[in-house]
Structure formats: C-alpha cells, structure tokens
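Look for chain A in each of the two complexes below; its partner is chain B in the first and chain C in the second.
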Partner chain A sequence: MRSASKSNRRPIAGAADLRSLALQAALVLGIVALAWFLIDTTLANLRARGITTGFAFLFRPINMPIAHSWLEFVPGIHTYARALLIGILNTLTVSFIVIVAATVAGTLIGIARLSPNWLLARVCGAYVEMIRNVPVLLQLVFWYQMLLQLPSPRNAITVVEGLYISNRGIRYPTLIEAQGGGLALGAFALGCAVLVALVYLRNRFGSERLKSRSFLPAGVLLLAIGPAAVLYLSGTRISPDVPELRGFNFVGGSSLAPELSALVIGLSIYASAFVAEIVRAGILGVPKGQWEAAESLGLSRVKTLRKIVLPQALRIIVPPLTSEYLGITKNSSLAVAVGYPDLVAIVNTMISDTGQAVEGIAIIMAAFLTISLAVSALMNWYNRSVALVTR
Partner chain B sequence: MKHSTLLGICTLAASMLAASSAFAQDASPASSRTLETVKSRGTLICGVIGTSPGFSLPDSQGVMRGIDADQCRAVAAATLGDAEKVQWVLLAPQQRFTALQSGEVDVLFANVTWTMTRESQLGLQFPSIYYYDGQAFMVKKALGVNSALELDGASICMLTGGTSELTVQEYFSANNMTYTPVVLSEGEEARAAFLADRCDVYTIDSSSLAGFKASQGEAGEDFVILPERMTAEPLGGVVRKGDERWFDIVRWTHYTLVNAEILGIESGNVESFMDSEDPRIRRFLGMEGELGATLGLSNDFSKTVISQVGNFGEVWARNVVGVDRGYNNVWTKGGLQYAPPFR
Partner chain C sequence: MTSLSNIAGGPAVTEAGDEVVMRPPTERGPLAWTRRNLFSSWTSGITTGVMVTVLVWIGYRFLDWAVLRAIWTLPGSSIADTQLCRAETAGACWALIHEKYRFILFGLYPYAEQWRPTICIAAFIGLYVVSVDRRLWGWKIAAVWLAGLTAIFILMRGGVFGLRPVSEDLWGGLPVTLMLATFGIALAFPLAILVALGRASETNPTVRTLCTLYVEIIRGIPLISVLFMASVMFPLFLPEGLTVSKLLRAQLGIVIFVAAYLSETIRGGLQAVPSGQYEAAKSLGLGYWRMTALVIMPQALTIVLPPIVSLCIAFFKHTSLVMIIGIFDLLNAAKRSIGEPAWQGFGAEAYIFVAAIYFAFCFAMSRYGQRLEKRLKRSR
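Our next item is the complex of A and B:
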C-alpha cells in the first residue's frame, strides 16, 4: 500500500520537473536563437551594403593624437589596440580619482548633515539637494566653461614661482632624473609592499604589546631611506624641471589639463552628493540604542561615530555604495563632452576613421562590462569582509 | 498558467522571426527604393550637421541655411517638386555615416570629405563634389603668426569624428613640430574653447573657418586664417551603395545646378528660357527628350530645381560669405565645377 502510493507520487513530481526543465530549455534556446538571428542578420546586412567587418583594424597603426596618456603613444606607429588600452587606462584613472574623492567628500558631508550644528546640517542638506538634482552632463560643461574663464598662459596666476594656473591647466614643476629613477620608484614600491606585509603579519600573529605599537616611524624611514640609498648607489642625479613661459604656453614641468580637471571636479561633486545620502542612511540605520549606550559609557560624539556607529553603518553602506561606484565608472564616459580622451572618445575617433561602428560600440560595451564586473566583484569581496558573520 | 507562458514564448519567437525577416529583406538591393520611399513619404529626409555656419545652420527664423541645406532642397525639388519638403536630421560628425547606412536619412549633405575608404569600406557612394575645400588653421591676430610652420608647441582645438585629427597629426609630424590636441565632439564647444583662449589654433576645413569668422561679425576681424591648406577636402553628397538610380538622381541634381550656372539660367529668368530655340537648353529644361523621365523624375525637374533653389552660383552667393570662389567656380570661369552633357 505504502510503496504503491510512493510509486504513484513519483511520476507526478517527475512530470512537473520535466515540464519546468523543458520550459527553461525552450527559453534558453529561444534567447540563443534570437541572439544568433540578430548577429547573423546584422552581419548579412553589413555584407550586403559592402561594409567591412571584423577586428583586423586593431592591429593597424593609427595616426590620431592623444592628449593625455600614461603610455608612450606615437601616432602613425602605434596601433589602434594601444590607443584603446590608453583609453581604458584613462577611463580607469578618472574613475579611480573620482571614487576616492567622492567617497571622502561624501562621507564627511553625510556625517555633517546629521550634525547637531543647525547651520552645518542645513548647508550640507542644501548642497546634496542642489547637486544631485542637476544633470551631471550640465555640471561637467559648467565646470569646463568655468576653468576656461581662467586667464591665458601669459597672464597666468602664479601661486608660487613654478606653480601656475591658467586656462591651459595647472602647470607644476617635476623632477627629472638622468638615470635610475625607475630603480628608486621600484625601491619605493618594494618599501610599501614590505610595510603592508609587516602590518598584516603584526595584526595577524603579533602579541598584544606589539599590536599597540605604531609602525609609522619605521615605515617612513623605510620608504625614505630605501629609494635614497638606491639613488645614491646608482649615482643618479635628480634635477628639478620648472615650467617657464615660452612661445605659446609654458614649457617644462608637468601639467594637469582643464579637461581632466573639469571631469574630475564635476563627477566628484555629483557623486559625493549621492555618497553623502548613502552614508546618512547607513548612520541612521544603526539603532538609536547604540548611541545611547556609547553615551552612557561616556564616549564623545566623535569616538561614538568612529568606534561604534560607523563600523556598523558600513554594513548598510557598502551594497548601495557599490552601485554608486558602478555609476561613477559609467558616468566617466561623459568625458567626451569635455574633450578628455577616455575610452569612448578614443573609440569615437576609431569609428570615424574606420567606419566600423558596430565593432567600436562592441569594444566599448565589453570594456565597461569588464570594468563594472571587476568593481562589483571587489566591492562584494569587501562587503563579505565587513558583513555580520553569523555563527 | 504554464500553457499561457508557453504560448507567450511562441508568440515572442514568431514575432522575432517576422521582425528579423523584415530586416533581412531590407538588405536586398532593389533599384530606386529610396525614391519610392521618399515619394510615398512625401518628404526627403536629409542628414546635415546643423551647427555649421555656411553649410547648415538655422537662421533667426529657424530656417535651415547653407550650401548643404540648399543641396537638400535641390534634391527635394527634383524628386518631390517642392524644395521645402525636407525633413532635417541633425547629425554630429561621428553619427552621420551610421545614420545613412541604417536608412535613417535618405541622403547626407554634412561636410563629408570624399575619401577612398569611405567608398570601399563603408558601403557609401559620393555622387557629387559641391565644394572643393582644404583643411586650414585659424589663429588670433594678436599672436602674430603668419604661417602654419610657426605653430610648433601650440594647443590646437579640433573636432572628433572627421578627418581633421589625423590631418593635423600628419602635418605636424611631417614638419617635425609638436602640439597639444584639444579634441571636442561638437563644433560649438570647439569654437567656444578657441574663443576662450583654451587653444591657440582652431582647425577645420577652410570653408568652415570662413563661416565661423563671418558669423563673429566685428570680432571676426581679430582672427586670421593661415594660408596653408594641409589637405584637399572635396566635400560631397553621400548616398548608400546599392541604389544606383538614387545615386544618379542626387548626382544629376547637382549637375543641374552647375549646368544652369554655365548656361546663365537663374531662378529669376528661368521662365524666359522656356521659348528658347537652343536644343541644349530645350533638352535641359525638359521641353525636348525624356531626360527627366529616364531618372524616374518629372521631365522638367531641372526647371523646378532652378526656379525654387537657383543655380549653383546663386546657392554659393546666398550662403558663403568672405570666401573667394576660386576652384569652386564653374569651369568656364576658371574653376573646377563641371557638368557632363545633358543629352
């Protein structure tokens, strides 16, 4: 009797499973078929209209100028692929600077908005409301136009001798070395790595007494002496490169172009308003009892924030902050409006040079998808490390 | 429940199939499909830049003005009999080819330089050259620069999406000079940056520089266009490949304008030629032969074009300010504009 009822039930469950499986398989098949169809139709249409397809152009040299680049780029010799890499690096640069700046500024503003000081709280409230309700493209163009209103190089503002501000950007002195500069930089990087490893080892395995001791003096010593010793031993001579006005513009030193400045200022201010709201929500999300308990222990407001509230608020803050960071990365593509050579701007030139728009857009999409997924993965990893661990 | 989901999926799949087969049909070449589309729509959709003084820029009344705009009007007059039946689509330089390839516009008059790869790789064709141009540099007079060879170290404002970036690069590396590019995506922005002194130089085709200079009125006197022309930039109308008849129509509309100027026919006096005994003129204006009909147009399309838009000289005089006609004159007056025989 029992076994009969069991054998009766099983086929029913099996049929339901099978049906849902078949349905899902049909759906997946449908999507794959749709994608295949669209791609195939596109290719057929491009062929029919005599439009060249494929990514072969990536390995041909391109003769475009790039205003801002971390890598050496010689137009006419280097390839489209290298220009693309420079575009991606420029996009990452802007995104990184803006993420750091917006996080710092946004956190301060978010905390200040909850301050018992009436004026401070209201000013920060007004800032957030004003900034986040004006389209970001408009803000970028506004900042760019503002920076262009600065005096021309011949009438540049001299902050100190060697540091000039004009509508061509901020010109500052740099150091140039005859040789061995790379070695010094390497020594500095190595010093940093050793320091980070030491701090990690101390926190992980060190005794309580060791943990309470600061590594700061030792760290500074390590970071200063290491590169200095390398420079001395390799016989490098470093000389300052101070900008001076010659011909059209300043020559020498290094400069921060107004295009990059406008982009960084505009995006940072815009994103900081959103970060401020996320931080405020996080802080308000911590139960009031935590504040009261801290107060009854005699902790100051700042200490309560730092030691009690913010660590708990972080759990609430991190997930929405992740989407904000993704937003920043994607908004960096507005660079094209203010003439900064980010990925989109460079691909735009490629498209007009090769006419292969479909490939160009596909490259932009793939690059942004990769960057966004990486940011997301990084933040998810961080989220796990701050999340409440239930045992 | 489950059945309705399944039904939904099937419907979706069927509609996709239908949609994609419609796309597929679109790809097959058919003769003069564009003309049929234009006629049944009742308007010509013309792609222009829309922010380019002298070529296409709305005037204070909102009417599109410029050589490009008048070329569009001429095609509309030839195909629809009414020069005003044009729908303008404004395109930034990097959008213009995609818009034409995808069929969003019927024809492109958008400061496009005729180059080999644009014909060999983009599926486009250039029926006419309506402006013989060359890329040039403009600087402020106050800089005291007289030649492009004195521009070493300058900051240069330019537009993305065209050939200008590449041209500047070639010119500067050929002359062993360096420069800082400031590459902007819209003409307005690039010109604003030049006016704000962000760059020492603004570069684009000399015709556009002249248009910009003229649009500045008195202040335009502070600018000087340097004499060097870095490239030959033949600006042409553009159509999609695969519709040869449409190519013919756009091409012969341009030749109509040129031929009218050569024959001395203008918008004001075209009626007086209607009793001409000259067989060239009788053929040209459609009183004899079947020239218009062979293109699928009305036989007197050239008369319509001339009376509504004028001849090439009129179009030039109406739109181009402060530029010597030079190469752009008709061949009988020492220029390069030439019309093959209407016979």
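Our next item is the complex of A and C:
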C-alpha cells in the first residue's frame, strides 16, 4: 500500500509536496503559538500564585511521614528526592508481587477454564466474568474495607502460632541474625548467577542428553545449601523473631500492612482474570491437531499441556501479556486510593505541598515511561526467545 | 475420543458440531453427561467433589449472610438507628441500601428533582440499546447520539424550559458515571479518528510525529496522573478569570486519555483494510477525505468494532478513578454513603450494591461484543 500510494502521487509530486509542506509549516507555527500561549499563561499564573519553578525543591527536606518504606526515612530531615525514590521502590514492589501472583493464578485459571471437567470450567468462567466486569478501584476499596473490619490485634485471627491476621495487617515471624546476613544474601545471589550461567551454557553447548536433564535438584542445592553453609561457617547464629501481643498491638516479627495487603490482593485478583483470558486464548490458538497428535503418542493431558501446547501457546500469549503487565504497573498507581505511598501518591503530596504540578507530572511521566520501556524490552527479549525459529 | 474433543474445545467455546460427530450415539442422557463431564477420570471425580464441597460451603455462608440473617429495613426514624445491624447475629445490613439508594444513585441532586437524573439514566440506556441496531449505523446514529446527549445535558443542568437550574457540584451517582463514560467515548471518537489518520499519514511527517508523541505519552502514563493533571494543572493553563468546573476538567482528562487508546485501535483497523480498497477508491477519482469517509473508515471501523467494545467496557470501569480527584461518581457515592458514623462498617453492602450496577452494564456490553464478533466473523 505504501509504495502504491507513493507511485500514484508521483506525476503531481511538485504541487502535492508544496501543499503538504505549507500545511506542515502552518501546523508547526500553530503548535508553537499554542505552546507559547500556554507556557506564558502558566508562568503568569504561577507567578501570581507565588509558586517557583524548577526541580530545586527535590533537595529540600520534606515534612511528611511515609508509612511503608524500604529505606530509612525521617520526616523533616530527608529530602523530596529520597521520598520519590521510596515511592518508585514501592511502585516496583507492588507491581512485581502483583505480576508474579497474577501470572501464576491467571495461568492456572485459564487452563482450568478449558478443563474437561464441566464444573471446574464453569466456576472459573464465572470467576473471570465476575472479576473482569467490576472496576478495579471498587475491588481495591472493598478489600481495604474488609481488611480494616478484621478484629483488632487483641482478638486477632491466629492462623498458626506466630502468624496473626488483624486490622493492623498480617503479622508474621522473621529471622534476625547477629551478623553475616549480608554474606548469606551474597551467597544466594552468587548461587542464582551460577545457576543462570549453567542453564545458559547447557542450552548453548550441552548435548541433547544433557539438555533433557533437569537442573532443579542442583538448583535447590545451590540456592539453599550454599547460603546455609556460609552462615554456619561464618559462625552466625540466627534467632527467630516471633510476634507477640503486648498491650494493644503486636511486638516483634514483621508485618504486611492492610494498605499493601489490600492493594496486592485487589490488583492480583483483578489482573488474574485478564491473564486467565490471555492464557485461554493462547491455548485455543494452538491447532487442535497438536492435541490429537500428542494424545495419539500416548501423552497424558498434563504432559501434553506442558510439553506440547503451552510452549506453542506462549507465542500467542506473550504480546498481550506484555501489555497486561504494563497495565498492572499503571494500575499500581491506584495505591493512592488506599493510602499506600507509591510514586503517584508521593508526587501527589509533593504537588499539594509545593504547588509545582508541572514538575510533579513530569516526574510521573518520566518514571512510568522508563518502567514501560524496561518491561517492553524485557518482554520483547523473552518473546524472541520463545518465537518460532524457522529455517 | 470424547475427552479429546472436550479438551480442545472446552465448554465455553465448544463448537457443538465437532462433539456431536465424535460422540457415540449410545452415550446420551443426563447420567452419561454427568459421567463424561464430571467424572471422566479419577482426578476429574476428585476435582468435582472438592468443587462441590467448596461451592456448597461458600454458597451457604453467603446465603446465610446475605439473605437468611440479613436485615432489610430498620424501624423508621429520622436518624437511623443501626444497632440492630450491629448485633452479633445480624447478617448483611441491606437497610443501608434501603435508606441510601437515592443518595448512591443520584448523589446530592435535589430530592424533588431526582426524576430528571432518572430520565437521564433511562436515556443513556436507550442510546446504548438503539446503537445495537445495525440499520441505524452511519450518520443516523451520530444524529441520534448528538440529540440524546444534548437532551441529557439540558435535563441535568436545567435553567431552560422552566427546569430549575442544578449546579454541576450537586450532580452525582450513576448519571455522573454514565456521563463521564458516554461523553468520554463519544467526544473521543472524532478525535481518535483524526489522530489515527494522522499517525497513518505518509505524506505529512509533522502530523505523524505529533500524533505518535501524543498517543505514546498518554498510553505510557496511568489514567490517574492524567486526571491529576486535569484537576491540578489544567487551571494553570487558562488565562486569568477563565475557569472550568471540576467535572468538566475530569471529563476532558478522560476524553484525552480515551482518544489515545481508541486511535490505536482504529489505526489497527486502517491497516487491516486491504490496499486494493485504497487503490479502487483512488481510481474512482475520490480525493483523500472522500476516500477515507466513504470507503476506508466504514470498513476499518467495522473490523475493529469488537476491540472498541472492549475499550468501552474498560473505560466505563475506569471512570471510577475520578473518585480519587473528588468527583461524586457512583463509587464515590457508595463510599460516602458509609461515611456517616451510624453507617460506618457496612462497606460490603454498599460496595456489593454498586458492583452489581457496574457488573450489569459491563456484562451486557461484553455479551454484545461477543455476539458482534461472531456475526462479523460469519459475514466475512
């Protein structure tokens, strides 16, 4: 089509080009004039309201407590920049947890929707329809409300001794160590790296026999025993830190606050319904003949799914899944509705503090565009690795 | 053989033809059906058993809460006495809905005038129903929509024909949600068509770049930041003295957001129109605009109708985000209905009520989308 329309225009190229050029010039002029007008009025408005411009405020201290943070944060001492960093980390945390949870749950539900068991398929179908057709924000505020209505810490639900659920969140025991925690973490990271390298080398250079062998036992060994050995040899003593009720709240252990819990539960449930539909469409996109061929080879249903159908379905699944992941990242900004300090919530506070809306929106845009590009790049790389290799 | 056709087809999408052919004629009747679909293997049997147990348990618990122990009305008094609902044995407090449904549906709209938003809701639903009729597609439907939306706006706002004027600050509930969604899509449509054409333009790189920038930036950021931008930044753009109401600003934000997504869908349709159609239109001597309006766009829009319906569902749900910037939509009305101390703690009831309304609209749309998709596939 492209070439056809070009060649069609060739005979009157001069006139058309001139007209198009004039049009473009007029357009550019119009845009510039509009932009100049907008910037001018905005600056005038900002001056009138006594709002400064620029990013200098980033390095001023911020007077806002942040409830959930990976980094140490002291209001009045730490800067806006640090608060933003915490916001970005929180956004990434939520997105990561939700992506993993929704992928696992969605894949299972998508497969179950195609189960030969009528009841299972119907129940999963009903779940997907119910979740998909109700706004995610409604689900978030619903779960938040439900979590806040749980009993107080004094009457907390005891799942097992040490794991308590109350309206202050989920309290769980942790391990504290005197020293050597970093070493163990390092050993774990090293184990991961070695494992990835081994799998890569096997796939690249290994023989067919080696390729068919599973690396799972070796992986578990590397990832579990390595750090344990390091801890033992370095003489670290680990003691459990079990929460216990003291007064009105729990002491010890660690907790998942209701804000984060509601956000993760709500977003994961919502996204799982969409992932399920993507997986189902992917499996349906694999020709029926593949199922029949696998069954005539005597493969079981589970094996057929794992070895024959899903690898082919992945090619159909990955592109829409990528945009679903991007959607999850963007939906994580709904954190502001349940009071979890993600990037958007923190920028929001920043805007109401300083009045510098333009800069705030610019920061949000930059952060989300970066995340979007990174996720797209990662998924494109994965897509290439599962793509059909044609001779 | 039967199990195989079931695996590949699955109940939700079974093409009945295949199964009937493969099924031996003796296996009929409810017993055979049960054996085939619920107990085809021992794993399937266990699954069925577990599912039935869980479903019965959840179903009973829910029924017990929502119906058997529910409290439907409270003894009448001007200040609601919700102690009855707070008893240990009390289930769902549907009395909240009984008491507050007008507030949830219409917000702060003057009580005596609430027949007007009621008519508006009916008019919106009427517009949706009329749009399903394929005979009207084309200019007629655009005219119907223009007339309908204008009438709705006048009815809500009042001030003419002897209607009492009602300030936009008092609008709330379902009409606001329907308005944001419907006006959002209706206003975004022409914009999206222009942007899609601009992005597909080969002769005008400036337009193409501008359209691409607009689409990619808007699609890269969350709706909530667009809404913040509309509510916080937009007033800064306007010269002194010129103000735009909060609802209109949110509406503008939604239009800008929707148009970016819609234009991408429409662009997909443009690419799916065979190049022969372009060439045929040109050889008939049609210019660019007539070719687009008479030949290309009708085909492109038909192709992408199902994804457009999906987008409509998505944006209908996403209008609820305006709650965060303080617009009184359906979800916000539900949230505020439990704000009074007397009603605090009955969130589940309010949210389930509102969820049912959202569900009804979205489910109807998604069913329509599925039907449309099937019909379009058949006609091709």
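To be clear about the criterion, the second predicted complex is superposed on the first by the 314 of 391 C-alpha atoms of A that agree within 3 Å, B and C clash if a C-alpha of one lies under 4 Å from a C-alpha of the other, contacts with A are read in each partner's own complex, and residues count from 1 in each chain.
As a convention for this text, contacts are C-beta pairs under 8 Å (C-beta built on N, C-alpha and C of every residue); 3 or more make two chains touch, one makes a residue touch a chain.
Computed from a prediction, not measured in an experiment: that's the story for all the values here.
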{"item": "Which superposed partner A:Gln149 touches (first chain B, second chain C, both, neither)", "value": "both"}
{"item": "Which of chain B and chain C A:Ala121 touches, first, second, both or neither", "value": "second"}
{"item": "Which of chain B and chain C A:Asn249 touches, first, second, both or neither", "value": "first"}
{"item": "First, second, both or neither for A:Glu292, with chain B first and chain C second", "value": "second"}
{"item": "Touch count on chain A, higher of chain B and chain C", "value": "C"}
{"item": "Touching partner for A:Val336 - first (chain B), second (chain C), both, neither", "value": "both"}
{"item": "First, second, both or neither for A:Thr52, with chain B first and chain C second", "value": "first"}
{"item": "Chain B versus chain C as contact partner of A:Asn133, first or second or both or neither", "value": "second"}
{"item": "Intersection of the chain A residues that touch chain B with those that touch chain C", "value": "23, 27, 38, 41, 44-46, 48, 145, 149, 336-337, 348, 351, 357"}
{"item": "Partner chain B, residues of chain A touching it in the complex", "value": "19, 23, 26-27, 30, 33-34, 37-38, 41, 44-46, 48-52, 63-67, 75-76, 145, 148-149, 152, 167-168, 246-249, 251, 258-259, 336-339, 341, 345, 348-349, 351-357"}
{"item": "For the chain C and chain A complex, residues of the former touching the latter", "value": "3-4, 6-8, 10-13, 37-38, 40, 44, 47-48, 51-52, 55, 202-207, 210, 217, 220-225, 228-229, 232-233, 235-240, 275, 278-279, 282, 313, 317-318, 320-321, 323-324, 331, 335, 345, 347-348, 351, 354-355, 358-359, 362-363, 366"}
{"item": "Residues on chain B engaged by chain A in the complex (per definition of touch)", "value": "2, 5-6, 9, 12-13, 16-17, 20, 23-24, 26-29, 93-94, 97-98, 101, 117-118, 121-123, 143, 152-155, 160-162, 165-166, 168-170, 173, 179-185, 189, 192-193, 196-198, 200, 240-242"}
{"item": "Contact set on chain A toward chain C in their complex", "value": "1-2, 4-6, 8-9, 16, 20, 23-24, 27-28, 31, 38, 41-42, 44-46, 48, 113-123, 125, 129-130, 132-138, 141-142, 145-146, 149, 280, 284, 288, 291-292, 295, 301, 330-331, 333-334, 336-337, 344, 348, 351, 357-358, 360-361, 364-365, 368-369, 372"}
